[in-house]
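Below are two complexes that have chain A in common, paired first with chain B and then with chain C.
On to the complex of A and B.
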């Protein structure tokens, strides 16, 4: 069945087997007097009973706006046009006002929605139980007592322990993952037919993310709900969705069964995305192929294919007009002028294999060694700021970084990755241990002595927006480390160095007089990299350098970092929560949990043969963008969530969440032990195997 | 070594100028996009011009007691009539503009300079310095402004400069708090950490990174503060403790006119209208500047 060309009339609701049908949704927002922003430009989607549909796209592709348009959540002056049909509802839903009874009974009643921010979507001053109960009363019209019983039942279903007690608690007493569970309970309690999860797990850790999505997946079956997963994460839809819509520039560019989409992608954009994403099962030397250019601005969108400017397959006829979704058979639709065969024929000529990663030059020279590093934060209480305890943010962390090597540090939030980075950068002074830069201990140096080392260890930050002074020119930002450390003699030398740095990171030196807001996110990150390179460092500490960037831009930055490493012989300490990215770029990976290193191994070995149960769980929580390969992987599930650092278990920090934990694990702290081939793990159970 | 050398791939001076002009035009476009703000700008400019050119515009010496008569109605010789001593009301109002605007602007400027310096100092030093400065703000905030000003005037005496000084003292806490808060926000940004990690001294971090990014809320606050100060000045003059007689000030004119409210209503109404117009204009201008400084309204986000 095609989403287009169905004869519409008033009596018509939806086709057999469909729950929601949306046709030609166009959502616009006024920009200024003449122009408007077209966020969604003619999107048609349908949802069948019992299926999980994924709506994927990069930021600005219109995926969230599409789901909000269907629910009529777009506030004026935004405007939604099109046709939304919902099972058992008469006529076009968009014809009813957004505050009409019909629209309200759809929102929350027939279609429930979970949002990204579990911190803000619950009212902080009301008990969670009351919020669920209220929703049940509104939509099911039952008595408060019945609603309470239903609410507690629902809380049990979403996996909340002690629901009777938790019922009377406030949102602040729940962790992010738990709040998202409450949200799911609240939404599902009203017995909707459709659940829309709008980036519902983006703010959560990978392991929690897997838990929540598995919960949604199983609830979809037991509660008989269809789900729309809106996300930018291709891996998630590969693992959890049945059918996928790929969005770009406010259009659906491709839709179909997940196996079809990931195995035989039709649209050049989908192909590009898949080539740009690092995968856990990548061979060591795979080079990412970024999509050049930037996504279109939603003001004055072209009348032809939005991907034209970035497309490797483009032809003149692409500009003739907007092409329709072409049926490729088997529910696979592609919006591209070129047919499958034409793309295949052109493939060899167009997809210039950028080949393998540039050669690395790893030497035996140790540039940085961290030995038994400890960082404690005091917990203060009361008026007099009495110290009542300590948070052990980093405890006994040791590792070495060789020249030319990339050491990846992974772990869930709260595991001490960023604290470790700040200690190495000496933004914090560690309480104990040593940080040896080429043999010299910089862990406890005073700022004056430290100054000479500041230029040797530099940093790339996560947020390309807050890491650049908005009022400084790009050239001055990059040049600051030079002037501070008096690294260039004359002004001509300084200017030449800045131009060189700009070229090195792939920016036009002409841009040096621009201010940060005139650059895109990816370009800003390049400025950040240029600043880190300015003082000729040996080591660059990268704290989540690509996590704020879109997939296609992320690949550009990762490739740039690989090239720079090969050219300049840099060592990276690469901190990220995205295991696929860390595995892709790192030579060795350090896995941290609650401030301790639980395993360290060469990247390949860590993926092939993880020893620590936590590493296994972490790896299996990350989906691969290939549904078939992903289904064959071993899955180790985690119990619960990262405990607060203040409530550290006495034995092995991981014992409480480990399914293999023995009595000994709860009493003794396991130390890192060598298991050959450079692999070390801190687990008692590895010995017994 | 110069910390801000000229770029090699340089735009010509003309280009830089035209870019600056574009930025200014953009600023003005957002500011004037609400028509009411234009009214505010025109009003403010009008009163500033009146204050500057008071000697030219005024028809005679504001303190000259004429023999034409007291409380005269509007006439060609005395446009707004005369006051209770037979002085030309028009000229007195024109000179009064000078007093009001001068006290307002001078005291606000001083409060901005001192307040933002102390605010940054509080944010920068933290600890005991921060506690003392915040304590100072608390003390001032817990005493009603007018009572404080009255006390200070009794101690130091009236007169324009004294008054400006006293109004500055009462204005400082607001700017201090605002600057402290906005500096603290900026100091938590990654670019400050970046500067620190490249080994930049803390003083340089402050003036190169913190100050330029923290100052914009202060600018908005200052515009609106001028209006508030003028109100305070008029209030004090009305109570008779502000500007020394016979210097004309809107507040003192209102005070003098009070007994004649029923006899000659324009006498008291005119200074009130002037005062209201100036303060409304200043507040509208402040709104406009706030909008123009907000990057999301400039379409840059």
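On to the complex of A and C.
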């Protein structure tokens, strides 16, 4: 259906079968006296009864602002123009004004919204029950007693145990996943027709994310709610959405059925995105194809296609003006000057063949070995800081890293992966076990002896924004390891080395004198990598190095890391929660759960034949950006949430959440056992098979 | 919760104990002989010797402090050098006046400051905000005693409409009370109102930016309801912590105001006794002030407990 072919008048609400129709939404924020930021630039979307629509885009694409504009949640001085029609509501909703009774009856009443940050989206000083029933009373106009009954009923439906007790608790007493359930209960309790989930699961662990989205999916059916999933994660929409809108630079560049979008993407941007994200079912040697360049700044956007600067298919006629969404049939719309045939014809000429990753040189030499590593943190209490217990953050962790190899460490929050990294970096002194760097135990070395090893094991950090000193020049940041370790003799040698490092990570050495804020996120991460490389290390510990970056940029950084490894023979310990990325870059993967290694195997084998139930659950929680392939995968669901490390269950740490757990699992801790081909798992059930 | 209160009470006692000990030791260094101060300079050496022993001045400072402490619990704080009266009696007359001034001023400045702060935050950028913020900034930057002297000159000397001195409790003579208190109370509260207005404003604006306010809006709640239910309490929690500090500041501020308007309160007493090195009175004044402050902070903690559920959870 074309969104612009109807006569709009006072009486018009929506076309038959639609719940929401938004046309030509333009949302702007003043930037300075003359200029303004155009966050959304003429977006039209509609939502049909009973469907789940995905709104995908990278940060700054305007996807969240679009959903907030429809709800009139944009506060002045931000300005929303356009036309929003809602079922059973007369006229353009935007004409009523954001605080009108009409707008308020839509917000929360007809359209409910869940936000990204479960930790801050609930009022900390009001009981969750109050916050739920407040929504019910506002929109259903029932008595407080009735509202409470409805609220408790809804809390049960979203899977909250003991809702009567939980009703009177404060948000601080709930975990992140549970708070998001409360948010869902709060929104659905007012019986809306539409639920907007704005990055609602982004801050959650993968298994919790899968639980929440499956809950939304099933509630959409039982409660008769249509859903808009706003996300940057292509895999999520591939699995959970029916229809997809792809956004870029405040425009919708493509929309259509999910199978169409993922199988025959039309717009060069969509094609680029799909080539840039690693997939769990990728062949081991697939090289990601990044989208070169940077997303447009929303100030003074061009009047033509926003993707022009980064597009491989661009032609001069692209600059003639913004083209309309072209109907490709079967509800597939593409906003590109070039037709499908033209793109296909050009494809061979412009697409650099996906190619393979540069060859790895893995030798038998073990550069790092971790043996039975243990790290405990004391739990202190009271004024005198008495020790009342210990948190076992890392327990009996062992693995080897060969020269030139990448070992991936995956696990959800609280599994001890960052503590492990800190121990290897010797930012922490482990309580027990050994860390052997080329045979020498550095686990309990004194700082003085350790100094010579510091330059050999370096680190790349997660946040490229806060891990660089904002007042230091890029050249000095990269050069610091050189100065500290006295690695360069003369000033000229130092300068030459820094220029070399800049070139190595793909930065212009002229940028040496700039400070971090003058770089983009991806460039900052390159500086971080150059810093890690400066002292010629053997091992680089990478703690979530790409998780803060957009997918198109992420691919650039991953490729760079792969190139550097092949070029310099580096070993990586790659820590991340994103299984697709870890699988893509790693040769071996270590899966951790509550401080213990539950499985370790070569990356391919781990994906093809996971042994431990937790690995299976983790793998199946990660969707593949190919809906058909994804539907055919085995799905292992998890019970409950990651328990706190303070309440470690006796026996197998995973026993409480494992659907196969036996009595033995609750009593004994299973040890890692070899199952051939370099695969080890710690599970009693693997023996029985 | 009960444990929390108990813990705070215990901490308070420890603080009071330390304060009293430190002041005792520090004031002991002052160059004034307690015996000559109390009995005049015509005491004979023989008499001096007797008194010296009777007062325990030959004992080490710890023992003397301990004796002082025992006497304190008996309700005896010694005898004033200047007035030759029991310290308890002197303080008893004065402390009521100062406490009355401080408490009433706090009771005036908090609600007013909060009210103005809320108005400026809700009407951010509008004329109400601009005017109130300007007035608040001006009043916060002029020291209270400057305003006090100016007002004293205008109202009491030039126009002669208000008395320039004295203090009467409202239950003694209400008319006199109002006439005498209006200027000091204004001077004492003005800075507080201004400061609280500014702090409330920024705290409210901070609260309005929070994600949960956006959540509340997305529920279609009315704007006034959102302000009163979701923003107000979160915005005012940081302000409540200021009550303790404010009360403490009042006691310091009243030193000036009491002197300018010749009000016989603790402020005047403190200045006089420091001038005359009236050791027992200074000691008692410090103790009283720190006691009031401890109490003020304790009240703050209890208020926190009442408004922020996160504290009782920890």
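Convention: the second predicted complex is superposed on the first by the 687 of 689 C-alpha atoms of A that agree within 3 Å, B and C clash if a C-alpha of one lies under 4 Å from a C-alpha of the other, contacts with A are read in each partner's own complex, and residues count from 1 in each chain.
FYI, contacts are C-beta pairs under 8 Å (C-beta built on N, C-alpha and C of every residue); 3 or more make two chains touch, one makes a residue touch a chain.
Since this is a predicted model, take the numbers as computed values, not measurements.
**Student:** Report clash or fit for the pair chain B and chain C bound to chain A in the combined superposed model.
**Tutor:** Because the two structures are overlaid on the shared chain, the partners are seen to fit without clashing.
**Student:** Give one of first, second, both or neither to describe whether A:468 is in contact with chain B, with chain C, with both, or with none.
**Tutor:** first
**Student:** So in the superposed three-chain picture, is A:248 touching just chain B, just chain C, both, or none of them (first/second/both/neither)?
**Tutor:** Touch partners of A:248: none, neither chain B nor chain C.
**Student:** Contacts for A:240 in the overlay, against chain B (first) and chain C (second): which applies, first, second, both or neither?
**Tutor:** A:240 contacts neither chain B nor chain C.
**Student:** Which chain, chain B or chain C, is in touch with more residues of chain A?
**Tutor:** Greater contact footprint in residues on chain A: B.
**Student:** Answer with first, second, both or neither: which of chain B and chain C does A:122 touch in the superposed model?
**Tutor:** Once the two structures are laid over each other on A, A:122 reaches chain C alone.
**Student:** Give one of first, second, both or neither to describe whether A:459 is in contact with chain B, with chain C, with both, or with none.
**Tutor:** In the superposition, A:459 contacts chain B only.
**Student:** I want to verify one number. Taking the Cα centroids, what angle sits at chain A between chain B and chain C, in steps of 10 degrees?
**Tutor:** That angle rounds to 30 degrees.
**Student:** Which partner does A:485 contact after superposing on A: first (chain B), second (chain C), both, neither?
**Tutor:** Touch status of A:485: first partner only.
**Student:** In the superposed model, how near does chain B get to chain C, counting Cα atoms only, in Å?
**Tutor:** 5
**Student:** Once the two structures are fitted together, what part of chain A is touched by chain B and by chain C alike?
**Tutor:** Overlap of chain B and chain C footprints on chain A: empty.
**Student:** In their shared complex, at which residues does chain A touch chain B?
**Tutor:** The touching residues are 31-32, 425-427, 450-451, 454-455, 458-459, 461-463, 466-473, 475-477, 479-481, 483-486, 491-492, 494-496, 498-499, 509-510, 512-513, 517, 528, 531, 535.
**Student:** In the complex of these two chains, what residues of chain A are touching chain C?
**Tutor:** 71, 73, 99, 103-109, 112-113, 115, 117, 120-127, 134-135, 138-139, 170, 172-173, 183, 186, 190, 383
**Student:** Considering the complex alone, what residue numbers of chain B touch chain A?
**Tutor:** 1-11, 189-191, 193-200, 204, 208-209, 212-213, 295, 299-301
**Student:** Touching residues of chain C toward chain A in the complex: what are they?
**Tutor:** Touching chain A: residues 7, 210-212, 214-223, 229-230, 233-234, 237, 307-310, 313 of chain C.
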